[in-house]
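Encoded as structure tokens, the structure appears first; notes follow it.
Lettered A, B, C and D in written order, each chain numbered from 1.
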Amino acid sequence: MKHVVEIKVRGYHLDLYGHINNARYLEFLEEGRWSFIEEYIDIDKWRKRGWFFVAVNININYRKPAFLGEILEIHTKSPQLGNNSAIFHQKIVLKGTDKIIVDADITFVIMDPDSRKTLPLRGELREAFKKMS
Amino acid sequence: MKHVVEIKVRGYHLDLYGHINNARYLEFLEEGRWSFIEEYIDIDKWRKRGWFFVAVNININYRKPAFLGEILEIHTKSPQLGNNSAIFHQKIVLKGTDKIIVDADITFVIMDPDSRKTLPLRGELREAFKKMS
Amino acid sequence: MKHVVEIKVRGYHLDLYGHINNARYLEFLEEGRWSFIEEYIDIDKWRKRGWFFVAVNININYRKPAFLGEILEIHTKSPQLGNNSAIFHQKIVLKGTDKIIVDADITFVIMDPDSRKTLPLRGELREAFKKMS
Amino acid sequence: MKHVVEIKVRGYHLDLYGHINNARYLEFLEEGRWSFIEEYIDIDKWRKRGWFFVAVNININYRKPAFLGEILEIHTKSPQLGNNSAIFHQKIVLKGTDKIIVDADITFVIMDPDSRKTLPLRGELREAFKKMS
């Protein structure tokens, strides 16, 4: 399964050279993930259960620049599940082309923020994830 | 009383025209206020008391641009106390000059975040503020 | 004339108390203005003419908090033209209600970024603005 | 060679769970790199030569959370030079401890922003880099 959101490049996204800042791309990717996640899971219920998404690694390639007024598509695929962590594969594509601006793997765990314990992805939690695939 | 912190202008602060973004200046001002506040009050203790700073109005003038590599001084003066709110007067000055880049008045209240009630600035709370003046 | 864009409140917009940061609201307002402006003017052509929007004052009231998952409407009205500057009146409203979260006046000038001269809002430039009203 | 800058964790850095946002850490790392770079190279001269730093990959591990009021040290080591790219190894450590909050490898190239050509790291450019090691 794949999910796409669009973001238009504004002046306030750009740096001195007309490029989108490295940190801003992480926000675009985060927007893509939440937009995907909220379609399949009940975030409020997860929060009440003490299930929180925490990124543990981000590996991001900046491939091409994007420019003012362009429309970017944030593509997010179903997370790839491991035993204790999972990976979102995402890319940012210039709309109407196959030009990849950014691609990234975001590895995350589900954590109880009070105990700060990582929860294994099994049982009820794994079932919940399967709704996203 | 006056408090000054310095911030160096970096590429990631700048937009397409080499100017610092409007929103970024609010962060610089916030840095200046907290740096001031934490010298005079015990923030942890305030939080435990349920005393939180909440901005209700910001009135900011963008007077001159600032450029890459310049050092900015964030000046923060003792808050001016009213009955239910107070005002921080702040300005951002190019270091070593009297050139004002930004000036701003930030009006805030002290609020209990649970009840969302604004606390009158009297008694023990007013005493605590007096340490800042 | 009025223009509305919607933004959904995400975790990365929020601070420790579940409130949207003051600086982030300025970005939401900027998104609203550009979305409005680009419907009526040819931004590329303006840039080639040396006509740039520069904010000189922002006066913003933070009236109510917004929370995770809520949808905010950014309302932007036609700018009110003076001789040398103009004002955008904007507000942020909780979707489906008349609850005002933020309202703000943004005063701006049109500037030639090379000469850093403010252009009077007359002649061809004033005509261009009239398309927005 | 190693370079360290300090940043104090403020409320506006934190998200709903009291954690620093993923994107904000990239800004902290960028601050660390520029603070290092500007000690050894003349950035203005580089810009006039058409030599610009462009990140092509960031691989970042989020190891531990950081909390309000803590002081973080951004550690940046001399870049490791390849033929066409180089890598900055950076970590963020809780001051006064050996607790690693974040570590990251930032791979970058030197690019002429007009031609968008990547410059090989040799000759005069390599000599300039050697000042950083």
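Please note the rule applied: a residue touches a chain if its C-beta (ideal position, glycine included) is under 8 Å from a C-beta of that chain, and two chains touch if they have at least 3 such contacts.
Quick caveat: nothing in here was measured; it's all calculated off a predicted structure.
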Compared with chain B, which chain's mean CA position is the farthest off?
-> A
When C-D and B-C are ranked by contacting C-beta pairs, first place goes to B-C
Distance-wise, how many Å sit between the C-alpha centres of chain A and chain C, to the nearest whole number?
-> 28
Taking each chain's centre as its mean C-alpha position, how far apart are chain C and chain D in Å?
-> 33
Per the C-alpha centroid definition, the whole-Å distance linking chain B and chain C comes out as 23
Among the residues of chain C, which are close enough to touch at least two other chains?
-> 11-12, 22-23, 27, 30, 68
Of all residues in chain A, those that touch chain D in their complex | 17, 19, 22-24, 26-27, 30, 52, 54-63, 65, 113, 116
Of all residues in chain B, those that touch chain A in their complex = 11-12, 14-16, 18, 21-23, 68
Interface residues, chain C side, partner chain A - complex = 10-12, 27, 30-31, 34, 38, 43-44, 68-69
